[in-house]
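Shared chain: chain A. Partners: chain B in the first complex, chain C in the second.
Now for the complex of A and B:
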């Protein structure tokens, strides 16, 4: 239990600014575990907890600057 | 290193720089003017755009350092950043200096993108077109003027970049299109 909590605290939390998002779909490829795309190419979050390194990369590569770290 | 070797190194890195810069600019235009989401290709494009733009600075830095260090023609360190102060080919080196100033501005604002407003970042990023054009003119006018192959490479970069820019201007905005498309669908 305490172990699982420790792992969770090491994960970064991501958020999506829905106004800025223009549906490039890059987050779904850089964070395949957490992000799926809807039928128009906009992201659906399965979870907002992702490994920090992956999160940083995804945030850097978002062309619309819509993906952010909480 | 002999002066002659520096001069050739400067030319070679200059030509490589113009090719890499053109690739980065064209991929940027493809991302900005995309027609629909292509998640895989968009991801590769974004990655190349980001890291190639940083990677090409090595070639540009070598191009500049060798051009100044090579002592045969008069290019001062000042003329690298202040346009039209070079003794050698004042106008064309000046165009290169303008391109460098724009490049530094664009890279710094992009690295600090998360700390400045999107509007300013975007406005400054538009200067990439100017940067690319100044670099093409700089390269075409002097660096490769007596070398048909090198001149051809610069010319090809100019044509490719020009075509990409025309496409970018001609396409309607992908997001606007998609909003229209979704709006015209029936509500379920």
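Now for the complex of A and C:
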């Protein structure tokens, strides 16, 4: 349990600017563990805590600049 | 920090606009950041009427509350719907009025802040509270701004004048203080009532003329609220724990007795359709999701069955915190509650299109 918490604290937290998001769906490819897409391609977050390196790449690759680090 | 914040904190005042956030924290941050104050007098929720009532009846105390909160460092703004009686009263008093368009989400907190900065009255993504200042998604800078509900501001002046003990003599320990409730719909005397948490819901309805025996459903909190059966309303206590057990809260103080002459599934469907049409059209999950929810509700209401029920239930899981504002959360909360109340009886009913009224044979007229 304490190990799990230690790992948790090393994760980055992501957020989505829903106004900017236009449903390209790239985040579902870069963060498949955390992001699913609805029927129109808009992200559904299973969790906002993801490995920092993955988060950085996903933010960089979001074409709408909607994905951000908290 | 200052005496008034300690008083508000000791009184336990929470925002009366529906979010019930501790006012002391918000007002302290507003003072520290020299935030501009917007007093929300829009009564934007369906059935809301209390904030206009505060302006019409207690404007001096409201302005006293404003002065206590702002300490006079920036001219406060009063947000009211365009061409409303409230807007006219505020303008006649020489106050700075932000005229808000007649759309459901226009009176949402961040919509008002955007409008006050020369933008459209549509919600903004809130990465951090705008009391600290921030940015709109298009990059426009937003100055520190705080939005308080008119009743909340009025309560600040009351706490200052009458004291913490007076305030806490109303309500419960967890939800102290007087609070306004608008009771409307199918009642003989729609009323705004000075109430408090912890009293029976029926006491409020009785003050507005009581519950006709034919009434079957009572709404709490408008389109962002919940639906109760008349039996539930008869035994419910007006407090957050009770309303939470039905999936809601005290919201912005609205009780709506549903007209028993109208089919409840249709009334609920009309509200959901209205909510879908009032999306600001910015966030995908709202602008596409709410019309889909509306269609799923209508499909279930007209063809109640396991499939349409499941499709509606699945749809309802797709709205939580997926918009810049909480409009999709609010409409889906209402639809979830309406489904809880109306679903079982719809599932037992004859499908709308499967009665005996369909043409079965061809007759010759000529």
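Basically, the second predicted complex is superposed on the first by the 70 of 70 C-alpha atoms of A that agree within 3 Å, B and C clash if a C-alpha of one lies under 4 Å from a C-alpha of the other, contacts with A are read in each partner's own complex, and residues count from 1 in each chain.
We take it that a residue touches a chain if its C-beta (ideal position, glycine included) is under 8 Å from a C-beta of that chain, and two chains touch if they have at least 3 such contacts.
Being a predicted model, the structure only gives us computed values, none of them experimental.
With both complexes overlaid on chain A, does A:44 touch chain B (first), chain C (second), both or neither?
A:44 sits against chain C, while chain B stays out of touch.
Should A:34 be classified as contacting the first partner (chain B), the second (chain C), both, or neither?
A:34: touches no partner chain.
Quick check on the superposed pair: does A:14 touch chain B, chain C, both, or neither? Answer first, second, both or neither.
The answer is neither, since A:14 touches no partner chain.
What is the contact status of A:22 with respect to chain B (first) and chain C (second): first, second, both, or neither?
After superposing on A, A:22 lies in contact with both chain B and chain C.
Quick one: is A:67 in contact with chain B, with chain C, with both, or with neither? Answer first, second, both or neither.
Neither partner.
Does the superposition put A:55 against chain B (first), chain C (second), both, or neither?
In the superposed model, A:55 contacts neither chain B nor chain C.
Touching chain B in one complex and chain C in the other: list those residues of chain A.
20, 22-23, 40-41
Which chain B residues qualify as touching chain A in the complex?
Within the complex, chain B touches chain A at residues 31-32, 34, 36-40, 42-43, 46-47, 50, 113-114, 118, 174-175, 178, 182.
Could you pull out which chain A residues touch chain B in their complex?
Residue list for chain A touching chain B: 20, 22-26, 28-30, 37, 40-41, 59-63, 65.
Quick check: in the complex, which residue numbers of chain A touch chain C?
Counting only chain A, the residues touching chain C are 15, 17-23, 38, 40-42, 44, 68, 70.
Please output the residues of chain C touching chain A within their complex, sorted ascending.
Those in contact with chain A are residues 123-125, 127, 137, 282-286, 288-289, 318, 322-324.
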